[in-house]
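Here you go, one structure.
We just call them A, B, C and D in the order they show up, numbering each chain from 1.
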Amino acid sequence: MVAFIIRRIVQAFLVMFIISSIGFAIKHNVGDPVWQITGISVSKAERERIREQLGLNDPVYIQYINFLKNAAHGDLGQSYFYKKPAADVILDKAPATLELVLVSSMIIVVLSIPLGVYAAIYPKRIFSRVVMGGSIVGVSIPVFLIAIMGVYLFSVHLGWLPSFGRGATVNVGGWRTGFLTVDGWLHLILPSLSLSSIMLPLFIRLIRSEMMEVLESDYIRYAWAKGLKKYRIWFLHAFKNTLLPVITVGGVQLGITIAFTILTETVFQWQGLGFLFMEAVERSDTALLVAYLMFVGMIMVVVNTVVDIIYGVVNPTVRIAGTK
Amino acid sequence: MTDRWQRFKKSALFHDFKGDKVAIVSFATLVLLFICAFSAPLIAPYNPYDSANIDIMSSEIPPVWMAGGTNDYLLGTDAQGRDLLSTMIYGMRISIIIGICAVALQAVIGIIIGLIAGYYGGKLDGFFMRLADVQLSFSYLMVAIFVSAVLQAAVGVGRFAEIAVPFLIIVIGLAQWPQYARTVRASVLAEKKKEYVEAARVTGFGAHRIMWRHILPNCMSPILVLSTIQVANAVMSEAALSFLGLGMPVTRPSLGSLINAGFEYIFSGSWWITAFPGVLLVILVLAVNLLGDFLRDALNPKLYKG
Amino acid sequence: MKKLACLALALLIALSLGTAVNAKSLNLAMDADPVSLDPQVQLSGGMLQYSHMVFDPLVRWTKEMTFEPRLAERWERIDENTVRFYLRKGVTFHSGNPFTAKDIVWTVDRLKRSQDFKGLFEPFVGAAAVDDHTVDLVTKKPYPLLLNMSTYIFAMDSVFYTGTDERGLPKDAIVKTGYSFANVNESGTGKYRVTHREQGVRNVFEAYKNYWDAESPGNVDTIILTPIKKDATRVAALLSGDVDFIMPVPPQDYDRIAATDGVKLATMPGSRVITFQLNQKRREEFTNPKVRQAIVYAVNNEGIAEKIMKGKATAAGQQAPEGYLGYVEELKPRYDLAKARKLMKEAGYPKGFECTMIAPNNRYVNDDKIAEAVVSMLGRINIKVNLKTMPKAQYWDQFDAQTADIQMIGWHPDTEDSANYTEFLLMCPNKETGYGQYNSGNYCNPKVDELILACQSETDRDKRAAMLQEVERILHNDAAFVPLHWQHLSWAGKDALNILPIVNVMNFPYFGDLVID
Amino acid sequence: MNAPFSDKTKPLLSVRDLSKIFDISGGFLDQLTLKNGRLRREKTTVKALNRVSFDIAPGETFSVVGESGCGKSTLGRTVIGLYPPDGGEVHYGGERIDTLSSRRMLPFRRRMQMVFQDPYASLNPRKRVAAILEEPLRFHHPDMTADEVGDRVKEVMEQVGGDVQWLTRLPHEFSGGQRQRISIARALVVDPEFIVADEPISALDVSIQAQILNLMMDAREQRGLTYMFIAHDLSVVEHISTRVAVMYLGSLCEVADVDRLFADPRHPYTRALLSAIPRLGKKKSDHVRLKGEVPTPINLPTGCVFHGRCLYADERCVREIPELLKQDDGVLAACHGVEEGRL
């Protein structure tokens, strides 16, 4: 356990350090923020003065040292565009992305488990074949294409669902949530479905193949031989053992889901972190870029840790991964 | 050669293949698409890279069966007046080249690192696997966005069109190596324990010879299955990057940048500019995925999970 | 308490979405929202649009490019350097403070400090209050564009913005990248107050009940401004009924919107000219006027205007559009491929050459598509062009560093005057004076410089026009740049909106005057 | 070819105080534990070999026997250089080989070979038999022509009772016995003088075992081979060995000529092992029952490693590690009881 905790902390620091370096490497490549905060007819000399004021003319290593110094105090710099500390902006936008990821994860869990289990138990049935066929088609359609088709069909053509944004949100203790209004839920439907479209087929296939593997195993045969009820075998014995690999993969996939929010949020103008990231790239709002990277890195370290702990809880025979 | 072919015909893989209609159809589709893509200059009605063929005045002509369509442009033209069919064939060629080369690059990096990490173990292993962990905790898309930002600045802008293809290959290749490294490492760890490796060491073979000539061939089935999946992924990644505007330039479009360019026209009625490349992309990726599925069932390798 | 208020407000908005019919509210989607509440922090189209909603200028442009009194009821020229403005009485700021001449003096002082505006107000000495409702604007020398510049004087509440805030910082500070009192608080005399602002997401403007302009027919009480950056998403939002009004409209969707029931399209010729500059320092070929002319002749800018801009652009043969002083009737677009090829041969480049081009991909309407089309057009006279398009965030750096041989730039004069184009784009680049700041073609003609400098203090309209037209002719003959077109401005909204009366060539829709049926 | 080492008086292989410790505690972080609220670093190690010493003379078949897990495979692998030893020395033909670089080791690789236990894992499943046999030859004799290599492979193939047609096939097409023949052929193809055979027949059907044993014995005759034969089956050992070493928990208990060992076992553990061999006419009461179970090599017992299970152990056995001492008749035994004459 000690080793586990130390390892995680070390990993977190490593991640943060690498990210901040990468962030700094690209900082100078995504453009000059001074162009973004001044009108075009401002004179060159005036621009140079602003650049000097912002410390952009300092040598890169000095800027980096300054950044690390401030970061140690929790200050990730000022967002040029929002005129606020970058960390504040990230925290403002995080609820949108987290809610989107949460709802898509729910969709994935709620749909993939029954479908995957069904397809594993009755692999020959027509419905299973349809599910499996559908899932491989689903894997093959890029997420942005699904999003575009969704907007075209449900918003523009049929006019049933809103085409962009989060709709009405309610501020609950600083957390701006879309869960408390009907409008918010309507706005969630298309983006969350699009986002889950990439992972849902993968999870159905994963659950099916793991479940089938478990059903083939000796102890399940033994359970049949013992004459246990089939639901007991399927859900208590087989499914429980299916969960382990699913959880491990699930944790990693969550990271990919967060990245795919960049695509989904771009299409739907969903005001979350992914959208913020692309905007920050376009606006060369470099403090935001670095803050975003560090935030996502932090989330991933936390998620990996949680996955490892859950893994240990679900399967007490293996102690937490990474310890003996 | 014929000998090998004979043996292949007798193999279990071929036997399975013959019995699997889906695999046959997807393989045939893939072969057809590849032939089309690589004989693009021969079969495409126009050369979309030759500006003599492009006239802005013939832009957004609908497909031949729609009102306003002409026989000159079977699937219509795009917003620049390029023949859509030709542009798609050339675009598919770029997508396929990027997909395959990117996978080759990831495979080379991943296999080298996986072999070294798995075979030598110890600190080297620890270092590479931590690196892979860290990189995997960011998805490839994000990694690709960073790498592309850094590289784009490094190469300057003037010659971007010429280096865009190798550029994307490097971006996607660098973003995806951990998948290979982990799979290869897992296989190497399993193979390393087997006595044929000890036999090779007793004979005095060097580590390189053992890794490359003895262990690696035994890791091929997971690598093969992973490679098909990764080709599909790489084609999709390229499309995603192009969709975000970080991919192929508009003058040498891939399927992804064609979809992106057409996206702006989807409400205006010129749906074909985005729809046809979209359908082609899905067919291409689907065929690769179905083939990968077949291989996975037939070879039944243990892939590294997660 | 604050949280509770936010909660209540959010619920209110949620409710109002359902019952928007009677409240005459406007759901507005633009490509960007104001970057700050301080009208002097940045000189950009978005900020000026905001300023016209929340603040009032001394005078403003009419649709016909004449001046309309706003806070100034009338004005007169006292001597060659001074114009006296008589201010409207009984006007109050949103804070409740009365509006007086002091506020104008304060505003002009601050403009001269603002990093973005100080350039424009350089010719001014300042403003001087004569009495509470009379103020003199004084320039250093005779200045023909004094009234033009008065459209930028949006009265700020000098009492409200004086002193220090709760953080102990001066309230009048102009801060571009961080917190300032003025960035998050406003007190203007305009029709709308900012009641809710979530930057980049949603901005709510409510009508100010003591607004002075009772004659305005406008009947919109609430404006909800949502920035939607992606063209297709913005159009989808209008078509799906999520918003009532969008600007700008991408040309490719003009037909679709025009053909859709319930929404309508409004367009108007604009004054932003899109051009390419041919860098004579990077490319020896471009120093040859024949090559430059060949390129101009090879570019089918009428085709671009018709196809890429869907007819909603005017192909250009010069910098200034019709209606500007410098406009010369006979300078027409010159597409003629045969002549272009002939010129190339005469110049000694029958086999052409290879060069590079950069263009932004999110700055001007369809900028990347235009560049792409020009690349294939130049291909026809054997000039092989390597094109790279990039977001504007990276573009200006590259433009400034002149990294490519051919670079795109569009220009809209802040002064609404012909000379402004040449001052920035085509005068000999000079670091001291700042002229030719965006002249990446490095075109330099002393005669042009001479004429432009002379017309800066020429107050005789006819003499000035003659000089400016002379400049356009020289540039045309020299093929100093590649003119493409003047972008049209475009707006689209639901049928109930009377859009046309409130829009103008500057692209500042006067939402205060908007009538919804 | 084996001329320099035909001198029977000098040992071909000499092992002195060989020790091997496996560290199973993982990385640095895994070694940290909390004890009494303080962070401590602890290593978990397995002592697989404890100061093992013996000599093998040219032409001998030296067998090592013991229960599974006693370290006999580790001993074989350490001797042949698959594992680097953690202490002690290995001399071959008078030269110390455990410290040689892999390049300097190369000449010895040709002279020392190994045959493995599992015929299914010891042949590379992706290589044809011809490749498996040719590769070592080409590697050690780069100057040989293709014909010479082919002839040599065929010759060895015939010697192990294989068929030339086998050469074009893949390992999975063969039975276990056939594969073990191929394994032996692979060892023989470089013409070695010393072979470590790690339980080469234990994975085979009983009917095949004898064939393989005979094959190995024939090869010894023809080529003058020296074997180190690792086995857990005493009855096999009795037939083929010249000398036998008995191992328990990484230590040697007894080393003796095969006849002496079977006729007159000294060490209590040897006695127990021998009594477990079923023989005709043997009374059941002769069977020596050992108490307890084999301890783990992670925490080795103090003193004599066998004391916990020994019927004759006394207080000295718990305290003091016995030396492997030479008896009057040349038998080596590590037992305080034998030394004191108690047994």
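Please note the rule applied: a residue touches a chain if its C-beta (ideal position, glycine included) is under 8 Å from a C-beta of that chain, and two chains touch if they have at least 3 such contacts.
Since the model is a prediction, treat every value here as computed from it, not as a measurement.
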Larger contact count among B-D and B-C belongs to B-C
Can you tell me which chain lies farthest from subunit B, using the average of the Cα atoms as each chain's centre? D
Chain centre separation (subunit B, subunit D; CA means) in Å: 50
Approximate Å spacing (C-alpha centroids) for the pair subunit A, subunit D: 55
Whole-Å gap between the CA centroids of subunit B and subunit C: 45
Distance between chain centroids, defined by C-alpha means - subunit A, subunit C (Å): 39
Quick check: what residues of subunit C touch more than one other chain, meaning two or more? 236, 239, 391
Subunit D: positions in contact with at least two other chains: 27
Where subunit A touches two or more other chains at once, by residue number: 30, 152, 156, 266, 281
Quick check: in the complex, which residue numbers of subunit A touch subunit B? 11, 14-15, 18, 22, 25-26, 28-30, 136-137, 139-145, 148, 152, 156, 245, 248-249, 251-252, 255-256, 258-260, 262-263, 266, 278, 281, 293, 296-297, 300-301, 304
In the complex, go through subunit D and note every residue touching subunit B. 27, 77, 80-82, 102, 105-106, 109-110, 112-114, 116-118, 121-127, 135-136, 139-140, 183, 186, 190
Can you list the subunit B residues touching subunit C in their complex? 50-52, 54-57, 59-60, 79-81, 156-162, 245, 249-251, 263-270
Parts of subunit C lying in touch with subunit B, wherever the complex brings them together: 231-232, 235-236, 239, 250, 252-256, 300, 303-304, 306-308, 356, 358, 361, 368-369, 372-373, 375-380, 386-391, 398, 403-404
In their shared complex, subunit D is touched by residues of subunit B numbered 126, 194-196, 198-206, 214, 217-218, 220
